[in-house]
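Look for chain A in each of the two complexes below; its partner is chain B in the first and chain C in the second.
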Partner chain A sequence: METVEIDIRGQLCPATLLVALKEINARASLLRRGAVKLCFLIDNRDATGTIPESASNMGYAVNVAKQQEGWYRIEVAARL
Partner chain B sequence: MTLSMHPYVFLGSVSLLLGLAAGFVMHRSDFCIAGMFRDIFLFRRFTMIRSFVLLVVATMALFEAARLFGLLSVYPFPLLYAPTAANVIGGFLFGIGMVLAGGCVVGTLYKMGSGSALSMTAFIGLIIGSGLYAEVHPAWAAFIKQTTFFPGKVTIAQILGVNPFITVLAVVSPAAALLFSWYRRDAFTRPSFASGYLQPFRAALALALIGAASSVLVGMPLGVTSSFTKAAGWAESALMKAHYAGLTVYSAVPLNFIHRLTGPAALTGGPGPAFDALAAIQVPLIIGIVAGSAFSAALLGELRFSYRVPGRQYALAAGGGILMGLASRLAPTCNVWHLLGGLPLLAASSMLFLIGILGGAWLGGLLLLRLLGTGSGGIDGGLCSTRKDAA
Partner chain C sequence: MEQTRPHQNADLLRENDGLRKKHAAAMQYIRRKVDQLLTVMGTSPLRPEELDDNTLIELDPISIISDSFMQVLHHLKETNEQLRVAHEEITAIFDSAGMGILVIDRDMRILALNRKIKEQFGIDRKITDGMCCRDLLCKKDVEAECPARKAIESGASVERVMDLNGLHFDVVATPIRDKSGIITQVVLVYMDLTERIRAQEDLRRSEERYRDLFENSTDLIQVLNADGTIRYVNQAWRESLGYGPDEVASMSIFDIIHPDCKDCGPEFKSVVCGHKGGRFETLFLTKARETIIVEGNVSPMMEHGAFVGTRGIFRDITLRKQAEIAVIAEREQLAVTLRSIGDGVITTDISSNVVLINKVAEHLTGWTQDAARGMNIREVFSIKSEKTGEDTACPIECVLRTGAPCELEESAVLIARDGRRHLITDSVAPIRDKDSVVTGAVLVFRDITDRKRLEDRIIKSEKIESLGVLAGGIAHDFNNLLNTIIANIDIAARFDRPDSEAQKSLARAQKASTKAKELTQQLLTFSKGGAPVKKLAAIADLIRDTADFGTRGTNVRCDYALPEDLWSAEIDEGQISQVIQNLVLNAVQAMPQGGTISISARNIEVGRAAFTALGEGRYVVIAVRDHGHGIPPENLSRIFEPYFTTKDTGSGLGLATTYSIVKKHDGMIDVESSVGGGTTFTVYLPASLAAAVHTGLPAEPLPRREISGRILVMDDDALVLETAGVLLEMLGYQADFASDGDEALEKYREALRSGASYSAVIMDLTIPGGKGGRSTIRHLLEIDPLAKAIVSSGYSTDAVMANYARHGFAGIVVKPYTIDDLDAELQRVLGNK
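Take a look at the complex of A and B:
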């Protein structure tokens, strides 16, 4: 499975969420087939709630992990 | 009761402490008032605005309690005036500005504290915009005079000629029932994976206490924007002396009240760059909010300077900041003063400002979608189906 990393740290609110939704929608069929996994790098605390909520409501599996350097990594992939 | 220390030392220390607490709380809960208003229209999300309603209603109850116990030096607070058309127009432009800048005047401060280069850009824009107001001040002051309704009356209670307790009770009782029904169906809770996350409704209660503490100890609710005008005036007086001398706004001294805690001498201040009571109160508050947020971020290991973002976002932050700074003088005063100071007193000007800011947040959201260049992010396809699922 290919992992696509998208760095949206420091972006204007709500660009973080908008970019994430755009990327998810643009790769919807690849994501659903399990051919690709998206990995968003964010440092917007609000988006640690909104991106997982939106993605999981769209039917994807979401995993959030805080990184030592103080930002968050949100993985969005097909549900197993 | 009066204090023996210099009034400015007391006011400054209290404001610094209140600012530190507010900045900490806002960072933990990402209490973005601009986002709350924007998301009503942009994403049809209402969770955050509910916490804002809680903040206003709790503040309303606390201010009224403070008034009844005789703890307020001046009622209504200083720097609140009779309603004018300027409140709606200023609020509308302010709403657009705060959405484009990604944060209101205090949102900009707490985001700046946690290291956002965009918010630092918006901060500079705020000062420039506040300075631009000086150019239109004489004409705008005349417009305010012409469009003032109910001269000399600030609150709805004053307009109706009734005791403020009646109007406050008429709003707080149904609002409390509404807030309780939201609480019962868990409509305040926000999912979040952020470490050390503070639920926004808890932040709202903390901020209501902070605002009430300010109204009693400082004599006024929280305010920051006069200091932005002061900074602009200071820069103009240093760089453009002749031009500065012709600007009448900087010689105004609108603040003049006797505060029960700081003794018989009146506290005075205005937008000019002098170090007066406004500066003594607001500058420590501003420093406190930025530092409180930075402290919160540092404790979580999240204090990092982030600046690598698309150039157009810098342009948006600067443009939004300038518009917001200008509008905060047109309105006159910003969202914090109106929404967390005037609205809880049911000041008619602040209610007009609220109407304006709602319209501005709607239009600002539409503009933002076009200007960000990220597309709508499939808001219709994504989030609206989200809502169906959630329902």
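Take a look at the complex of A and C:
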């Protein structure tokens, strides 16, 4: 499975969410097929709540991992 | 730069201003809608500084959110579909579940229930809204027991076993919360345990039965692990080995296998280790270190093809073993007893085949136990009649035929394997088993060869003694008659002329009478009256003198073997001399062509246990052996009988007298003879330890003196009295007579009183039916201590005659006596006044 890393650190929410949703939307069919996995690197703490909830409502599996440097890594992929 | 008009500029400015306002309003609108959409998406509105209008337009958030909503809607649709499927699944599960399921609300009103619970509770009516579970199911009003209530109260699942509608249920009540956490419903699951409980009950009962069998078995049951440690054992096992229930858990089978059990050790170990199973015997050691013997079997236990241990069942056979040992010991003792019995014992089976033969029987038959076993009794025990020599009926066969004890009619001769012959008596009895069925016979027999010989001797001796009494009686009377005849011949001869013809007749009569006298003396000696007058004597001299005298004038000579140290014996020399004389005479007569008589003597000592007619003690043995024609066996047993003779000139009294004399000396005489091989007489006389004393010469007869006086003669025989009277008168005496002791004493007393006392009294020793001299003398001496009494009897060797002085007599005349005998004794008695 291909992993596409999208670095949106430095952006604020809700722009962060919008950027994330745009990226998800652009690859919706690939994601649903399980051909690709998106990995967002963010440093906006609010986005750690909004991105996973939105992606989850959209039917994706989301995993949030806090990195030591103070930013987050949010993985979005198809639900098993 | 482009020129513009002022009014145009104003319009433009206004228009621009209006456009700016519209644009701003439009942007405002967009921003509001974007914020609205963002809020729907669950995020915060955009901050104006975050995106400028151009960037916002460029980003096109509405489009983004719209696309995202598309996906949200798609996802919701999928989720709804999944929920629908799930619901159907749950409904299917709900209805097809093997357990009753009930859903109620907080007020116990039924919300749902599945098919199973309807079956369980027999519900067939329609469930209406608001129906309470209590009315339908438990029909109980015990709130405390209600698991649903408990679940609502506790907020957790509650499990409870309940008896409902005649069934056992395991009821689990689980509370259901709404999203705010408030319990709104309870799901109750009813699991019907009735079958399970019944199965458990059955199992328990079954287990109980097996446990009962296991625990109450009197056999020792054990189940071991593969390494020999104990998994479990039953009560009998524990009790037999003395361990408590708690102790066995840590034990191993090797704690109880007896270390001495050589046979079973490795065997048992291999059994325990599962290499082999089977039945065997072993020794166990109890806690108290006592050994018990067990018998049983062990078999391996397999689980999934692997050996996991053994099971074993044993039985304590210690008592049985002890009993077996006792039986063996008893059998051994019986065998020892049987072998030690002094009689021969043979047992046979029902077919007359030898089973057992004891030591004595082995010796007598010549068959060993090993050789005899299984042989027919007739081969081992071959008997013939003693009299006829014919085979006799086998008593064993008789017993087996009749089932009753049998005995030989008389003694029989047993022919041993090597031909030896034993005279035996036997008895046979049947052997019966516990049901009294004859299974064989036991034969007990005894060698009576020696006993029979002894018995024959006793019979012979009794016969001779009774003949002796008879002969003695006759001789006594005959002697009295002879006394009269001899005396009267004497008297007649004195009265007649010496040269007359009658004198010749008288002389012949006297000669015959003298022979008759000798014969009578011999008879009397043989008979009871002839008690020996014993003196200590040197036997060797007596033998030599007598034998030399006996062979004088014959062609026979004597060969002596008389040791110097021959013991002396208390004997009547005259009688023993007669014995030697008779034996020598017999030997001489047995060798008409002449020859040698071997005469030997020796000392023997007879022990207590000796099987002879002799008593215990020391004896002088005299053997007289000739080399003559011998005595045939049929005569041998009769030669000591009086009047038994094979010789034309024999009296038949010689050996009878010899026998009698030896017997009276407490001795024994034996004879061995074979036809053509000569005869040996053996005489046993009791020895004395004292040395023999040579008797002095007899005193010289005193010169004849003329003496007169009154003589009282006592005799029961009138002829004797009459003759004595004549003789006494001829000798110059005055005779008076008494027929018995009382009369004699009366006459003596009277004579004393009248002053004309008797010079002497001649008394017969024995008077049949009256008082004889033997008892009269005492009374006579009481009347007159100086009385002179002369004893007179035919029994010259009677004890009183032999020791007359000791009995109070002054003299003795042996009947029949001549006038000279009487004269001499009266001279001696009266002359010695």
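The rule is short, and it goes like this: the second predicted complex is superposed on the first by the 78 of 80 C-alpha atoms of A that agree within 3 Å, B and C clash if a C-alpha of one lies under 4 Å from a C-alpha of the other, contacts with A are read in each partner's own complex, and residues count from 1 in each chain.
Convention: a residue touches a chain if its C-beta (ideal position, glycine included) is under 8 Å from a C-beta of that chain, and two chains touch if they have at least 3 such contacts.
Bear in mind that the values here come from a model prediction, so they are computed numbers and not experimental data.
> Once the structures are superposed on A, label A:Lys22 by its partner contacts, choosing first (chain B), second (chain C), both or neither.
Both partners.
> Is A:Val64 touching the first partner chain B, the second partner chain C, both, or neither of them?
In the superposed model, A:Val64 contacts chain B only, not chain C.
> Using the superposition on chain A described above, determine whether A:Ser54 touches chain B (first), chain C (second), both, or neither.
Both: A:Ser54 reaches chain B and chain C.
> Kindly classify A:Arg9 by the partners it touches after superposition: chain B alone (first), chain C alone (second), both, or neither?
In the superposition, A:Arg9 contacts chain B only.
> Touching A:Asp46, do we find chain B (first), chain C (second), both, or neither?
Touch status of A:Asp46: both partners.
> By residue count, which of the two partners contacts chain A more extensively, chain B or chain C?
B
> Could you pull out which residues of chain A sit against chain B in one structure and against chain C in the other?
On chain A, the residues that contact chain B in one structure and chain C in the other are 12-15, 17-18, 21-22, 24-25, 46, 53-54, 57-58.
> Over in the complex, which chain C residues touch chain A? Could you list them?
My answer: residues 38, 41-47, 50-51, 59, 61, 64-65, 67-68, 71-72, 74-75, 78-79.
> In the complex, go through chain A and note every residue touching chain C.
12-15, 17-18, 21-22, 24-25, 28, 46, 50, 53-54, 57-59
> Which part of chain A faces chain B closely enough to touch in the complex?
Counting only chain A, the residues touching chain B are 7, 9-15, 17-22, 24-25, 43-46, 48-49, 52-54, 57-58, 64, 66, 68-72.
> Which residues of chain B touch chain A in the complex?
Per the stated touch rule, the residues are 27, 30, 32, 35, 38-39, 42-43, 102-103, 116-118, 190-195, 197, 297, 300-304, 306-310, 313, 316-317, 368-369, 372, 374-379, 381-383, 385-386, 389-390.
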